[in-house]
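Every chain is named by a letter (A, B and C) in the order it is written, and numbering of its residues begins at 1.
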Amino acid sequence: MTTTAATGTELSGSKASTLGANGGGDEPILDISDFSVVYRTDRGDVRAVDGVNLALHAGEVVGLAGESGSGKSTLAYGSCRLLRPPALITGGSVVYRGRRFPSGVEVLDKRPEELNVLRWREISIVFQSAMNALNPVLSVGDQILDVVEAHMKLSKDEAVERVASLLDFVSIPRDRMKSYPFELSGGMRQRVMIAMALATEPEIVIMDEPTTALDVVVQRDILAQIVELKERLSFAVLFITHDLSLLLELADRVAVMYAGKLVEIASSEEIHHEPAHPYTKGLLNSFPSLRGPRRELAGIPGTPPDLRNLPPGCSFLPRCPYGTTACQDIDMSLAKVATSADPDHVTACPFVLPGTPVPPRGTRSNGAPDGLQPEAISAQ
Amino acid sequence: MRFIVRRLAFYAVAAWVALTINFFIPRLMPGNAVEDIMSKFPSLQPSAYKALEAMLGVGHPGSLWHQYVNYLYDVIHFNFGTDVTEYPAKVSALLAQTVPWTITLVGTATIIAFVIGTGLGILAGWRSGGWLDRVLPGLTFLQAVPYFFLALILIELLALRAKIFPLGQGYAGGDIPGWNWQFISSAVYHSLLPAFTLIITNVAGWMLTMRNVMITTTGEDYVLAAQAKGLPHKRVVLGYAARNAILPQLSGFANALGFVVSGAIVMEIVFSYPGVGLLLVNAVTSNDYPLMQAIFLVITFAVLFANLIVDVVYVLIDPRARARSA
Amino acid sequence: MAALMVDTGVTPPAEREREKRERFGWWRRLPPKAKVGALLLGFFVLIAIIGPTLAPYDPSYQNPNPSLSLNAPSAAHLLGTTQNGQDVLSQLLTGVRMTLELALFVGVVATVIAVIVGISAGFLGGMWDEVLSLLSNVFLVLPALPLLVVLLGYLPQKGETATILVLAFLGWPWGARVIRAQTLALRNRDFVAASRETGERGWHIIMFEIMPNEISLIAASFVGVVLYAIGASVALAFIGLADLNTWSLGTMLYWAQSDQALTLGAWWWFVPPGLLVALIGTGLVLLNFGIDELGNPRLRSGSGTIKVGGRWWGQTDPTPVLGHSQRRPSRVAAFLHSFSREALTERPTEVAGPLP
């Protein structure tokens, strides 16, 4: 296995050749199992993430979609233990298995000094708002230099050269190294964030809504840049967004979250054309497509639930057009969708299949006649 | 650079306001000040009478505008007139004697208090919610104790009873001022207790404000980002959190400079320290108007100048201020 | 439940209990600093009101009996006597009222000026803003005590009104600046713009949209000015620049100092007034911090922390994990543990070595 720091100043695609060494798909490099996070307030525990199982494989792009408050950011930051009080991880395990840690590392057991080794070097983050995430009194060059010096043993000159070549990577002129964040445009700042995230050639890059704060044109730019960089350096991406449409193009797999739980995981193809969970269907119906026939935008009525007092059974029931009283007894565990082309396609709804039509308005909720065949879905 | 120039202009305006206030106060006060002075100090010559009249605007010394211009002229040439209590000593001579004492003692003590207080504040914010928070109520009390109260108690305990420190004064009675070791060591010895009291009463305030700023700053996204980057804890707290938190703290320091002077005045009274503050109070109690006015001006200009220095330091630290032109 | 009840105008006991709890719930939710500060101040305000009537003696009465001069506290004089045989306790009880009265008046006058100037500058903007800001900044930067000393020095009588005016003259700028900043920020907010769009007049907007949102700021500013007024008036009195014929905590200290109370060992004369000033000041500072914390809950001690596994975790610590031991296992324990059966089946967790 090559180590990338030895030739520190080159950012090569040397990792691509070693992709096979990790199987490129058998052992996940980030294995999150039964992960739960609460926010402990004096009015009760807010269950932000509840029993989530998610696996990320080397080189793959996994999209994490959901509304605000669905727990996607909490899940991502929590797995790096970057949540602030009153957050508390109440259960589960997060195992990181990168090339430098082939036997796996349990993140939840680590002490702060040990975590610093994992952070950024192995798992880095591109934050949502670059203006807020950059230190206003340090130049952007210095901030990237901080990261390089913290994780790599390079001489001062080599480190500076590395920072410069990183800026080249993201098409920022080298002389901007001495600029302060407030002197750069929004798009440039975001590209600095990306450069910084890739500085130590991590295995995983978590992207937390990296383009939400930018205008559409710049968004396209940044996304294209991300795709290009990923091809070159081959890292895995956990892409968090509330905009499902972005993921359909970008991601290999998509995981949809609602009220702290995963409700569906599938390849982006399947999610796009054959979504299984009612919430996913609702999300897809919430934005128009550029091509194709015009249709009525449905959206999803209602508001997200109070995470302190979740209703029994399925959390989505109050807003679900397919819902029946039977939904109050299920436990939202993920089960395989038999009819799917993707063998790993799972959903939390035992009643609804990809093709199931929406019942006409007004016939939902308590006691309404079921047009559904629970038996059609084969459990695990 | 433009920032500094604008600040200079501002301080010029403030100085002008101070001068004008100084000019108008005696003219607005009730009673015939000149008569009072003359009756108190029979040794004054008639020429002093005329000068006092001119200074106080009594009688018919010419139009108001004329007086004002003369006054400004005098000030610019450091001509503060002749003193009344120590006639015929010149006011500027008296000032030259006392100003260095105040500046060295008060200046040093203030800077030490600020540095220690800010350092402790950074520690308090290092791992928030730590032991320092338990000390807070005590510190709040310390900050509220009137300075002279604490000073007098300390004098009582440490100088009178324990005899560790001298009772007061700037230096031992028998010493001759000059650049000799005897005098300097005596001066330093006599400055220890006053400086100590100044530092104690001020440290708590700086620590409390720095702690609050650190807590707010540590909650910012860029500090979280710094932690996410796996940077060593020291770098996160000093380079990212404290480096930003020091900016509002410095502004607070500039704002507090005026109060530092107030503390100095009281300190000098309590310790009979031969500085500008003691001179001012003595001048007030003996109605020595020329001296009073001059001291007020000197103190004001010193504070404005100190503010300017803090502004310069601020610009050096904050890149956004350097760029700001509006 | 309540909806089912017929409105007979009589609230049943259970309802009344709940209402009472709700009405006082706001007190419980205040930050502890504010509560302590408020209680402390409340105590002193009480003293200010009833103090003089409680005083056992006339504070100015100078007992000619020489044996009663500078007495330590005794049954007859709970806080001893002064050089002139005056009862210290009576002076104290009367003095609190004078000091607080003066400080509160200064607070009111200065805060009113500050609010007027601050809101005008923030709301009107433009030339008004420039001029008013310049004015406040200039007065902010001029050193307060020397100016106060000079102003009072020129006045023949240093009465209460004069002192109040002089103190207020220098006390308004700080509050004005803070209020101006907040008003500027609020003026650009959507709800004010909405008001404007519906044609509300300036006055109306100020009174009903802007000021209600600045209450805590105005309160904090008021408390700050009162604090400054107490400190300044006591310092001025100590120097001798006050009406020495009235009894305030500051004048008490002046007399105590000029009669060498401390050197003569008469701590009961010198310490109580100073202590009370400190306590009043502490109450005000705590109240101020409490009001700050109301607006920014993060400033409360312990708010950015959570207690897990016996230790406190703060903002700069990684997220704590329930159930995982966070302490460093001793080498001995680890060594012994390696012999156990569990050690065989444990998934090895790697501690990362030095970086390449």
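Note that contacts are C-beta pairs under 8 Å (C-beta built on N, C-alpha and C of every residue); 3 or more make two chains touch, one makes a residue touch a chain.
The structure displayed is predicted, hence computed values, not measured ones.
Peer 1: Following contacts chain by chain, what is the lowest number of steps it takes to reach subunit B starting at subunit A?
Peer 2: 1
Peer 1: What is the chain whose Cα centroid lies farthest from the Cα centroid of subunit A?
Peer 2: B
Peer 1: If you tally contacting C-beta pairs, which comes out ahead, A-C or B-C? Let me know.
Peer 2: B-C
Peer 1: Go ahead and note the Å separation of the Cα centroids belonging to subunit A and subunit B.
Peer 2: 56
Peer 1: In angstrom, rounded to a whole number, how far apart do the mean CA points of subunit B and subunit C lie?
Peer 2: Using C-alpha averages as centres, the distance is 24 Å.
Peer 1: If you average the CA atoms of subunit A and of subunit C, how many Å lie between those two points?
Peer 2: That pair's centroid distance is 47 Å.
Peer 1: Pull out every residue in subunit B that's touching 2 or more other chains.
Peer 2: In subunit B, residues 219, 227, 233 touch at least two other chains, as defined above.
Peer 1: Multi-chain contacts only, two chains or more: what residues does subunit A have there?
Peer 2: If we look for residues of subunit A contacting two or more partner chains, we find 82, 84, 112, 115, 117-118, 121, 151.
Peer 1: Two or more other chains in contact with one residue: find those residues in subunit C.
Peer 2: Answer for subunit C, listing residues that touch two or more other chains: 304-305, 314-315, 317.
Peer 1: Help me check something: in the complex, which residues belonging to subunit A touch subunit B?
Peer 2: 80, 82, 84, 112, 115-121, 124-125, 127, 129, 132-139, 146-147, 150-151, 180, 182-183, 196
Peer 1: Which of the residues in subunit C end up touching subunit B in this complex?
Peer 2: Subunit C residues touching subunit B: 36, 134, 137-138, 140-147, 149-156, 174, 227, 231-232, 234-235, 238-241, 253, 257, 262-263, 270-271, 274, 277-282, 284-286, 289, 292, 296, 298-299, 301-302, 304-305, 312, 314-317.
Peer 1: In the complex formed with subunit A, which residues of subunit C make contact?
Peer 2: Interface residues on subunit C, with respect to subunit A: 304-306, 308, 313-315, 317-324, 326, 328, 347-352, 355-356.
Peer 1: Within their complex, state which residues of subunit A touch subunit C.
Peer 2: Residues 3, 5-6, 37, 40, 78, 81-91, 100-101, 103-106, 108-112, 114-115, 117-118, 121, 151-153 of subunit A touch subunit C in their complex.
Peer 1: Over in the complex, which subunit B residues touch subunit A? Could you list them?
Peer 2: Listed in rising order, the residues of subunit B that touch subunit A are 219-222, 224-233, 235, 239-240, 243-244, 247, 317-320, 323.
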